[in-house]
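As structure tokens, here come the structures.
Both complexes shown next keep subunit A, but they swap its partner, so subunit B is in the first and subunit C is in the second.
On to the complex of A and B.
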């Protein structure tokens, strides 16, 4: 729990003055240099990082770069089920797949746009709620009280549960006739006329949102809890001596101190929620109701249900372009004055 | 953790905390309660109106789940696939993260940025091409990647490897460099220093990464639903077997959900401290 959080400052004594200043912060190679000009050793040392990276590089190439290139190529092809056996023989389609995807007056494009808008709304709502619940819980639990340990463990259960097990349970709860939700709302509270449908129709978005928040907020809780451990206790003591109450301390110290943590957290939550496939797929099956048709599932359906991989690939590429722009813009906006993550 | 403030918290704070945490606990526990209680209900209880309390307790669902679908087989498949993906990504990531954390070399930044950015791509982006690659490889070389456990393990690396590398870089950065320097002064090579000194010191981070990778792989649905066949199906797909039949045996669905959840939840709660420590060092900088 108490792992150091900022990278420790390099020990200046270890390397000393022999090291050029710009090298002083990392001490692998300079050490080697200090021990003398053994040329074979130096060559070995220079190539060592690459050797260490080799397995990762090979796998990255295999699982990320090659598929990405193929994905882009696919998006320019008319790739239906007839060409699955050998996709390279599929005829070129030029920009047709893209044109179809963004032609919002035709059914395919309109569905994609609807799905995209739904996904954006859903993501904003889900991230906001996850962040709010997670932060509130973490802040309330920053200070020790009886039962805090078990409660913290309990709060992590939704995060630890396998998605399908958790979401299937929610699907059961949202069943119209034998589910808990309608039992409480209709039978016990007497709300509304008929029992509502939750997994089809307009309500499905609320059902999806509930499940997504239930599953997602513990991650925010986990990260914010970790972030709270970095706030020096002295700040609170000084504030208390100056007469600041609990609420004031939260507003003036805790929340501002969490800003760097929140920047990473919100981005990660956004990407996960936006790209989430598992939750809608288990909740609704292969095709989601229109009101809750998220982009991931929509692309899956365009590809594996209607067997048009080319269009699916074009939609994927468009999605990635959108995510790149959003993430890039977000990082630019938030990284001012901060060191970038790997510097 | 010691109290952040020497004075006792005001009553408004204590009351807000009590109300908020109670409501939140209810929200968290609701599905857990439904899962546990429904798994012990007779079929007529879960087919009719929902009941908070079962009309009678039965363990039949726990016996039937293994017969309705070949759950044990799915269990083994999930275990093999998630375990192999975890081990593979952790081992590869330790070497890569060590290189990035300890050495300055050309392409270091490009590598980390690339790894980091692949995390933001949706799984669906890799699913389509990997599916086609696997089908083509199978047709041209006869190596069955599509539908095999090996193929599924490879696809799971698309999310577990970048995350592992990213978290471990952060974690290794927090392991004092003096440690491996001392080891090298004492005659260890860089690899010796990594294996004998850095890896033992980074155990919490490595455990955290492993827990995360395993959990994600255990819960993964997208690749599992496309890349598996009857013999390699994992729990993620297999569990839907109960729900998509004409008769939905909800008590069995809930029993099976509970059974597949217990190992990961137990493991997670046991190793939770490591995960928090690992996330603290790796993600919250």
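On to the complex of A and C.
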């Protein structure tokens, strides 16, 4: 069967493409009357975009929505080792799992709250440092100098390395007796009295923060660099002529121009850091020291170590809700700020 | 062209849907196992030797024999200890596990509760030569009392005190300590010049549990009562945990750095002469692999309290060991039983246990003279006379994590120079008990 002949239709207009003047001038309702009869070819063409979207939709459904719905269902079940083989048979728990998770006077809730506070502090510190380092490096690398290319490539190494390999190397370096960190701090620089522990006890949060920032700042560097390249050079030239120094240029041109980039960057860094599981898990194993007990690892422990999958699922749902609220609030605030800046 | 694209899109979606339904456990064979794949088996072996490569080499040679005998090809995967429980759990949830696998014998009751493992009823035991072939204490650590075991004992182990003969001689100590008081006294003489008396693995949760369980028994305490309820805060349990952590906190015979050990670093310290003693199960092959000569170390029974403890308190090891299980979802049930029969045959038991330095749970194989050598005879005697199985309750694996972590945190306190008191131990154990599932 040969393909049916379809009447010629105007080429589809891409978003943002230049509209030809004669069509731009035309006004009034959509040109429905110009459409011909609904031939099979036309129907097929109309449905083609949806058909092309199908794989993406199916994937989204499979990878995100279905597990999410399963997770929510699990959070309402008493799911322990007795039922994991067929979780659908687990008895309903109603809101018990949620009640346990937020009962801050009992150990489970108190631990969750502690790890939540730790995670918030850790995230704020890590995102701030990543952003600062990344922006500083990007601004510094704007100037052309010998060896800029290789240096830029070097900056991106932490971002390119497989997380597991990188973090396990850090774990070796943080070992108390044989690690490089104590060797440098204690043996070579002579700091402190005794060798410090980094993987247990209170210092573990600093160890975690170090690895997190080391891993995260190249991404900030990459994004800010891209943002910087969009700022017209003329602005700086004009500012220089007006007598603005480097700091003033950064404050009055660079940072405002980077605002939209930073908005996305901070949000992405926040979400990644808040949910980071790999770094603490590889660094500390399945039971993190109290000082560095991030909420992601805490939920993992509830689910996969203590085998309270229902409670773990409830904690996950609470976490997602929290992140949704924070993200929504952040987007609302920043977009409002942007509108008033634009006005 | 468009049609082609549409067709491609359709094909992608169909393929995805097909994959999804395959992931959904469509291959479940109804729980009793099937025989639709009679020519092959997948076997998850736990890491027993000095490293995974060594295990692969050792086991591959044996698996070839099995293949020749039975025509069944065994796909081997050696899983490190740190991953094994999670891997089993994932396989249980997805139904996509190996046919045969090793489990730590302390997990038997926990895994039994999931219903993922084939119960070893009379018929299953008959298929491998009968239950009577195995030592009673080993079968007791293969599932909850009163139920068909979830596994068959494969390698049995117990704890012993390994000591460095030269370091003992240098310190003028003639014989290994028999009581904890002697151990502490000797330890104080041995801990000098950057060297330490006793090794520990402070961040290794399972090891913490093994040690405090034995000390608990010696204090007349268990961590669960007869009804299976946790009793982590009993006086005996608190005293046991405190005694263990006090080796560092009060007695100062354990290196502070041990608090962060979790990867058998204490064995390396022993092999390199940095520590003089270590409490371990069958460490000989590891010491040899790390360059120590067999005449450099001695093996003694784990110390007991001074005086004459009654029989119930005269425990100096947990019944340690590895069991072999068949996954209920197997596609080759008959082959799996044949494989277990092969691995637990007298001949293979001798070969494998000799290689790993463990004791055969099969009575006939225990008679082999090699298990009467000084090293192994200590382990064997302990196992036969004074070892107790860890509580066989479904919550055992949670107990290991909760109490193991409490002990780990106490080690961290001791290492940081913070006081470890009866109150702080009790608080840590109270929290651990509260974390247990109700």
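A few notes on this one:
We take it that the second predicted complex is superposed on the first by the 298 of 343 C-alpha atoms of A that agree within 3 Å, B and C clash if a C-alpha of one lies under 4 Å from a C-alpha of the other, contacts with A are read in each partner's own complex, and residues count from 1 in each chain.
Everything below uses one rule, namely that a residue touches a chain if its C-beta (ideal position, glycine included) is under 8 Å from a C-beta of that chain, and two chains touch if they have at least 3 such contacts.
If you're wondering where the values come from, they're calculated on a predicted model, not measured in any experiment.
Of the two partner chains placed by the overlay, subunit B and subunit C both lie in contact with A:85.
By the touch criterion defined above, A:154 lies against subunit B but remains apart from subunit C after alignment on the C-alpha atoms of chain A. Contacts of A:191 after superposition on the shared chain: neither subunit B nor subunit C is touched.
In the superposition on chain A, contact is made by A:306 with subunit C only, not with subunit B. Contact comparison for subunit A: of subunit B and subunit C, B touches the greater number of residues. Look at A:321: by the touch rule set out above, it reaches neither subunit B nor subunit C. Judged by the touch definition given at the top, the superposed model places A:287 against subunit C, while subunit B stays out of reach. When the shared chain is aligned, no partner comes close enough to touch A:255: not subunit B, not subunit C.
In the superposed model, A:121 lies in contact with neither subunit B nor subunit C.
Within the superposed three-chain model, A:225 lies in touch with subunit B and out of touch with subunit C [touch as defined at top].
Subunit A uses residues 3, 45, 48, 52, 55, 59, 62, 84-85, 87, 175, 177, 285, 304 to touch subunit B in one structure and subunit C in the other. By the touch criterion stated above, subunit B contacts subunit A in their complex at residues 1-7, 9-10, 12-13, 16-17, 20-21, 24-25, 27-32, 34-35, 38, 46-50, 91-93, 95-96, 98-100, 102-105, 108-109, 111-130, 132-133, 135-136, 139, 154-155, 157-158, 161-162, 165, 169, 171, 173-174, 176-178, 181, 184, 190, 204-205, 215, 218-222, 225-226, 235-236, 239-240, 243-244, 250, 253-254, 257-258, 260-261, 264-265, 268-269, 272-273, 275-281, 283-285. By the touch criterion given at the top, residues 3, 44-45, 48, 51-52, 54-55, 58-59, 62, 80-82, 84-85, 87, 106-108, 111, 175-177, 195, 197, 199-202, 285-287, 289-290, 301, 304-308 of subunit A touch subunit C in their complex. On the subunit C side of its complex with subunit A, the touching residues are 2-3, 5-6, 9-10, 12-13, 16-17, 20, 82, 86, 89, 92-93, 95, 110, 113-116, 202-203, 205, 255-257, 259-260, 262, 394, 397-398, 401-402, 404-405, 408-409, 411-413, 415-416, 431, 434-437. Residues 1-8, 10-11, 14, 23, 26-29, 31, 45-46, 48-50, 52-53, 55-57, 59-60, 62-64, 66-68, 70-71, 74, 84-88, 133, 136-137, 140-145, 151, 153-166, 168-173, 175, 177-180, 182-183, 187, 214, 222-223, 225-227, 229-231, 233, 236-237, 239-240, 245-247, 249, 260-261, 264, 268, 271, 274-275, 277-278, 281-282, 285, 295-296, 299-300, 303-304, 309, 312-313, 316-317, 319-320, 323-324, 327, 341-342 of subunit A are the ones touching subunit B in the complex.
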